[in-house]
Amino acid sequence: MNDLGKKLTKMAFEDLKADYLLVVRQEHGDLAPAFISKDEDVGEVRFDAPYQLVTVLSRIYPHIPTGKIAIVSRKCDELAINELTKRGILDEKRIVKIGLACDGHTADKCRCPDPKPSKVDIGEPVKGIPEDPLVAKLMKMTLEDRLKYWVRQFKKCNKCFGCTANCPVCFCENQCVLGERTLVSEKSIPPGLAFHLVRSFHMSDKCIECGECERACPGDIPLLALRRMVHADMKEMYKFVPGDPKTVSPLLTTLEGEVMEDEHNVC
Amino acid sequence: MTEFNPTILAFCCNWCSYAGADLAGVSRLQMPPNVHVIRVMCSASVKPEYVFKALSEGIDGVLVLGCHIGDCHYLTGNHRTAKRFPLAQKILNDVGIDERRLKLDWVSAAEGEKFQTVITDFVSQIKQLGPNPLREVRF
Amino acid sequence: MPRIGVFICHCGHNIASTVDVEKVAEFAKTLPNVVVAAHNMYSCSEEGLGAIRKSIEENKLDRVIVAACTPRTHEPLFRRNCERAGVNKYLFEFVNIREHVSWIHAKEPEAATEKAKMLVAMGVAKAALLEPQEESESSVIPVAVIIGGGISGLAAMSALVSQGIETHLIEKEKQLGGILKDIAVIGPEMKNTKELLDKMIKEIKCSPKAHFHLSSRMTDMQGFVGNFEVTITGDDKCSEKVKAGAIIVAIGGREWTPKGEFGFGKIPGIITQLELEKRLAKGDVPDNAVFIQCVGSRIPGRDFCSRFCCNASIKNALRIIEAKPNAQVTILHRDIMSYGTTAERVYRDAAEKGVRFMRYGLDSLPKIEKHGDGLSVEVFDETLDDVIGMSVDTIVLAVPMVPIENVKDVATQLKVPVDKLGFFLEAHVKLRPIEFATEGVFICGTARWPSQVSECIAQGLGAAAKASIPIREGKVKIEPITTSCNIGKCIACGNCVAACPYQAIEIIETDGKRHAFVTEAKCKGCGNCVAACNNDAMQQKGFTTTQLSAMIDALVKNAMEASQ
Amino acid sequence: MKEKVVVVGGGIAGIQAALDLGDMGFEVHLVEKTPSIGGHMAQLDKTFPTNDCSLCILSPKMIMCADHANITIHTYSEIESISGKFPKFKVKIKEKARYIDLSRCTGCGDCAVKCPVKVPSEYEEGLAKRKAIYIPFPQAVPRKVTIDAANCRMITQKKCGVCKKVCQAGAIDFDQKDKFVDIDASAIVIATGFEMMDMSQVPQFGYGVCKDVVTSLQFERILSASGPTGGHLVRPSDGTEPKNLAFIQCVGSRDAKTHVYCSSVCCMYATKESILAGEHAPNIKTTIFYMDMRAVGKNFQEFVIRAKRNYGVRYVQSRPAKVQPAKEGKGAFVSYEQKGSGGDVASEEFDMVVLCPALVPSASSAQLSQSIGLKLDPDGFLATPDFQNPVDSNMKGIIVCGFSSTPMDIPDSVTQASSAAARVADLISGGAC
């Protein structure tokens, strides 16, 4: 067990009184998630997880009926957890977060605007990248060029579903509509634009911009940029930011919000 | 080169906009023949997925017509419609499809004339924009 | 494989004069699953329907498409026809090529024909995926609620209780009778109001089925035909809930208050019709009077005619003359609306008895001035082509009847529409004048449109007949356009629950799996949940995502082929 | 055991009454004297103020009647006698011989094609011919042929019989006799409607003298797509499109010499027909001569304004004194008093003149009043003395609705039909006390 491992186990099982700990560790030269209980050897823990631990959490969560789970969570993990608990997929009482501030390298890799979790337990907070240069570039383009750009990108899509499989807030598991011909007409691979438009819409009130989809994409389609553009739209139109623990998705509320419902009942 | 003759899809809700379309018919209000109406019970039952599907398969424009806010036969049904489609427009814009190819509007059962105007304006709008670029794109 | 039959209607010239129906039929034959395609003169005529039934049998059809007019009027007819031929009526698909094609593209026959083809293709694509449905039945609570205790509401109530139907009447005032309370004599028939009301109310009250809620208002309405729940709140703030099978709206109207027209409010002696009614009822009769018709109506911005004001003025003119034979009475009008038999006779009678009728135009309004302790009126008589002056002590403004102030609230509670003037909008102005599009809710009296008393009574009785139908039947059928959840696809995200305007959906758990569940009786079939569902788990009967997607695909396919 | 109700008259009022009573669970017998239900509404091209296609909205209701489990339709039938009193009426219905086996007739119309006898069509108001064996109009219910005995050569002269030869269904039966049906009815609803006045009472308007002077109902047929001119607006004299058109209101009505009352619907249908004329012939100049423009219903004023604004219809408040032939028997001169000119009389030439005659109670109501003692009002309409129940006649259990009780438009007739249904139910259930 390395020092980080010792530090984490103590934090999880002694300070936070958790029953389980979810971390990333090195196993025979590979990075792998480890889900350990008290007294288990956590092994060579690493903090530079190459994927969202939350994704792992949301997949195993249904199989862990009871107990408190401690998870090493970066800013993006934290938002993902908020989004999932808000939607009743995780029970916030059963999740304890160990805040990890990403280092400069990770922040750059993710074009992350704000790598600092609400509560820092490990790591030294660094400044984020104020704006996504790619988004800025795309928004400056003419419609024609932007479409050309995306078509070029999407032609690389081979419908491997890496983007959905690795997404922490894609909780539809294997029920994703994108897999069916109903709404995304099944032409040859790559799929038509609908695939990406529909996904953008479905992610519009969930995506927490971890960039996992982009990293998982074998075609290196800059999906994060697209997410961020939609994200900006949501913010502009409805002042809504996914990952906020309280506010409900504007797509589910009436125009005047619940107030109007009440008025309706009394008038 | 023949004149561009757009193909347009419209979703009309059974209670207001479809009735408005009928009224336009009964009143013999003439309009361009490019719009094909699918009747749904409420504009709120129109999945944005349909719009994305239609546009990415080459339809030149999509109209979603519902009751005026407050008139919805299903109380607040069209409130969600009013939330979904502006976002769908933005998403289209983000990938480089002109958001004016999707239009959301309200037509009441008594507004035959308005239906005529909405259709006429939208068709000329789409004619201006030209064919849906995705018609040519083969994935 | 589905076996689809397509039937294109000429509708006389209505469709065939623009759309090449033969071409469309030929085209239909080429579409997938289409076994037969035909065209006939009037599909809705007995012959047309017979032909369709014959074809269903001969070709063993299991799906039927009619391309004709609008489903909003003719769908039930063709569905029943399918049923008669042994095809489930929900395996019928309607394509509208009249209202949506021939009538609106009259000058472009080719384009219209092409569009008709596309719409048929879309219809065929959907039809292939249609599934048989059964109407589910729901019971009807044998109780009626009437909102409004005026003459219309009372007429409706008398008819309902006479049939032995439990009826609750809600009246906002502490006394029944509505606007008639202030009117002693009803025109044009010259009936005594008090006698009429007393008799009616006495008759109603002797029925044990009659329940009155005076000084009360409806404060909420939930549910659907057969199973409404109306919340009645009294001025004393305590409320009770009444379950009912049908609801009749009879909230009436009010007299429009002049905004200083002809010096109303400034010059004494200028009163409204209702004020005059009150005075006459008290025996306070003017020595001479001028009635001015159409004050605040039939003018730009308020175009409508209030229907009964002419008769009211004539009636009161006669009452004045009868009380004071020497009284000078003049009616300044823009058209005397004494339509029908009695009213026209009373009009003649008034003229013979010395009531003076003079026509004025909007461009030459009567001029009124204070004149000593009386009033002087100057008016240009179109017939005599000259200005006439007269001095009187009373000027009566015949103002229109307009909807009550809170009509919008009532409309919202009942989820029914009002027109731009605020009068309730019936289901169809010609053939469904006392029904709403909303099943189980009916309309009568001046809340629909200003009417004579006898007309209000007729409407009240009529509304009662309509309301009694589901109650006598004891059940209503629920149209299968409701939604349901495909448990396999549902991941219990709760989007549908949040989107449903009727709180008809909840998340439940069956053998370990959490999923959405729709209470069919509460579902109105808006399909809001369908659009809210990211997983395509929510499906609406008759509008499934596969069906609508197939329509889109059909349009795309044919559009692309056409453009090639 | 369902109570039986007989509805007399198969116009829109009778149809609606039958439908409501049927839905209420009564066994309804709908009696119509012509070969098809539908009444005058079936003749109309459009309906005001929405300009809905009349048959399009009527025909579903007609067919609903035919399909209704609780409704039996007796067309080409008359009330032979009514005896007894509420709630035990004995109604004898005479099903006139139509010389057709309805169970066999498919309504194919081959017989009508071959029939050599042409007579003026009632449905087309005499503007077109029909055969002696005929189906009155395409949407007729039932859609079966009828032989009118008075004009059939086989029946009158025992020669011809072509129809029998061509009928593959073998539906022609020249030996058919009138059939009588007895019904023990608990109540009777009378909806016998109206007919046009006898035009010979108003010779001053040139009807029958000038070819181009027609009645409003004839004009309605001329406007109708399924009408005698195939929906082309042309005048009878020379088949050309009229350039200017006049409507004369209150012909024979609001007139002490003929009919005192107001027919209630003419102002609006004239406005409607003028709008339709404008749609057929965009440059047509239409003038409506009226006494009072009685546009009192929902959106009626707006309708009149639309006629003025969008179709340039000219409304002249004056009552024409006479209509005289113009040269070559085409068009006509209308002379009327000009307002605001000290009563000068103007004479104006029109290509075509449409008369809006008084609509009078149908002859059947007079017969009924004689045979069973129903009271008539001074204008000859069926009297409804009980103000509290405006559809009750003077005889308990006999209810009247629609135009037969007083002039009214379609929505009012439909409403009254429902009121009638309510009254039937009330009386049969015994009333409130």
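So that you can tell them apart, the chains are marked A, B, C and D in the order they are listed, and the count of residues begins at 1 in each.
Assume a contact is a pair of C-beta atoms (placed from the backbone, for glycine too) under 8 Å apart; a residue touches a chain by one contact, two chains touch by 3 or more.
Please read all numbers here as calculations on a predicted model, not as lab measurements.
S.K.: Could you pull out the chain whose C-alpha mean position is farthest off from that of chain B?
M.R.: Farthest by centroid: D.
S.K.: Any idea how many Å lie between the Cα centroids of chain B and chain D?
M.R.: Their C-alpha centroids are separated by 43 Å.
S.K.: Averaging only over C-alpha atoms, locate the centres of chain A and chain C and give their separation in whole Å.
M.R.: 52
S.K.: Centroid of chain A to centroid of chain B, CA atoms only: how many Å?
M.R.: Averaging C-alpha atoms per chain gives centres 34 Å apart.
S.K.: What is the distance in Å between the mean C-alpha positions of chain B and chain C?
M.R.: So the centroids are 28 Å from each other.
S.K.: In chain D, what residues contact two or more other chains?
M.R.: 50, 52-53
S.K.: Please output the residue numbers of chain B that touch at least 2 other chains, ranges allowed.
M.R.: As it turns out, chain B has residues touching two or more other chains at 26, 28, 47-50, 53, 57, 75-76, 80, 84.
S.K.: Residues of chain C that contact two or more other chains, please.
M.R.: Where chain C meets two or more other chains at a single residue, that happens at 412, 419, 499, 532, 545, 549, 553.
S.K.: Considering only which chains touch which, label the overall pattern as line, ring, star, complete or other.
M.R.: Topology of touching chains reads as other, fitting no named class.
S.K.: Would you pull the chain D residues touching chain B in the complex into a rising list?
M.R.: Checking each residue of chain D against chain B gives 50-53, 279.
S.K.: Would you mind writing out the residues of chain D in touch with chain C in their complex?
M.R.: 12, 16, 20, 23-25, 47, 49-50, 52-53, 56-61, 63-64, 66-67, 106-107, 138-143, 225-226, 230-231, 254, 260-262, 264, 292-302, 305, 317, 339-342, 377-379, 381, 387-391, 406-408, 410-412, 414-419, 421-423, 425-426, 429-433
S.K.: Looking at the complex, which residues from chain C come into contact with chain B?
M.R.: Going through chain C, the ones touching chain B are 70-72, 96, 98-101, 103-108, 111-112, 114-115, 118-119, 122, 412, 415, 417, 419-420, 425, 437-438, 481, 499, 501-502, 524-528, 530-532, 540, 543, 545, 548-549, 551-553, 555-556, 559-560, 562-563.
S.K.: Going by the contact rule at the top, pick out the chain C residues touching chain A in the complex.
M.R.: Chain C residues touching chain A: 219-220, 409, 412-413, 488-495, 498-499, 532, 534-537, 545-546, 549, 553.
S.K.: Within the complex, which stretch of chain A touches chain C?
M.R.: Where chain A meets chain C, its residues are 87-89, 171-173, 175-177, 180, 182-183, 185, 202, 248, 251-253, 264-267.
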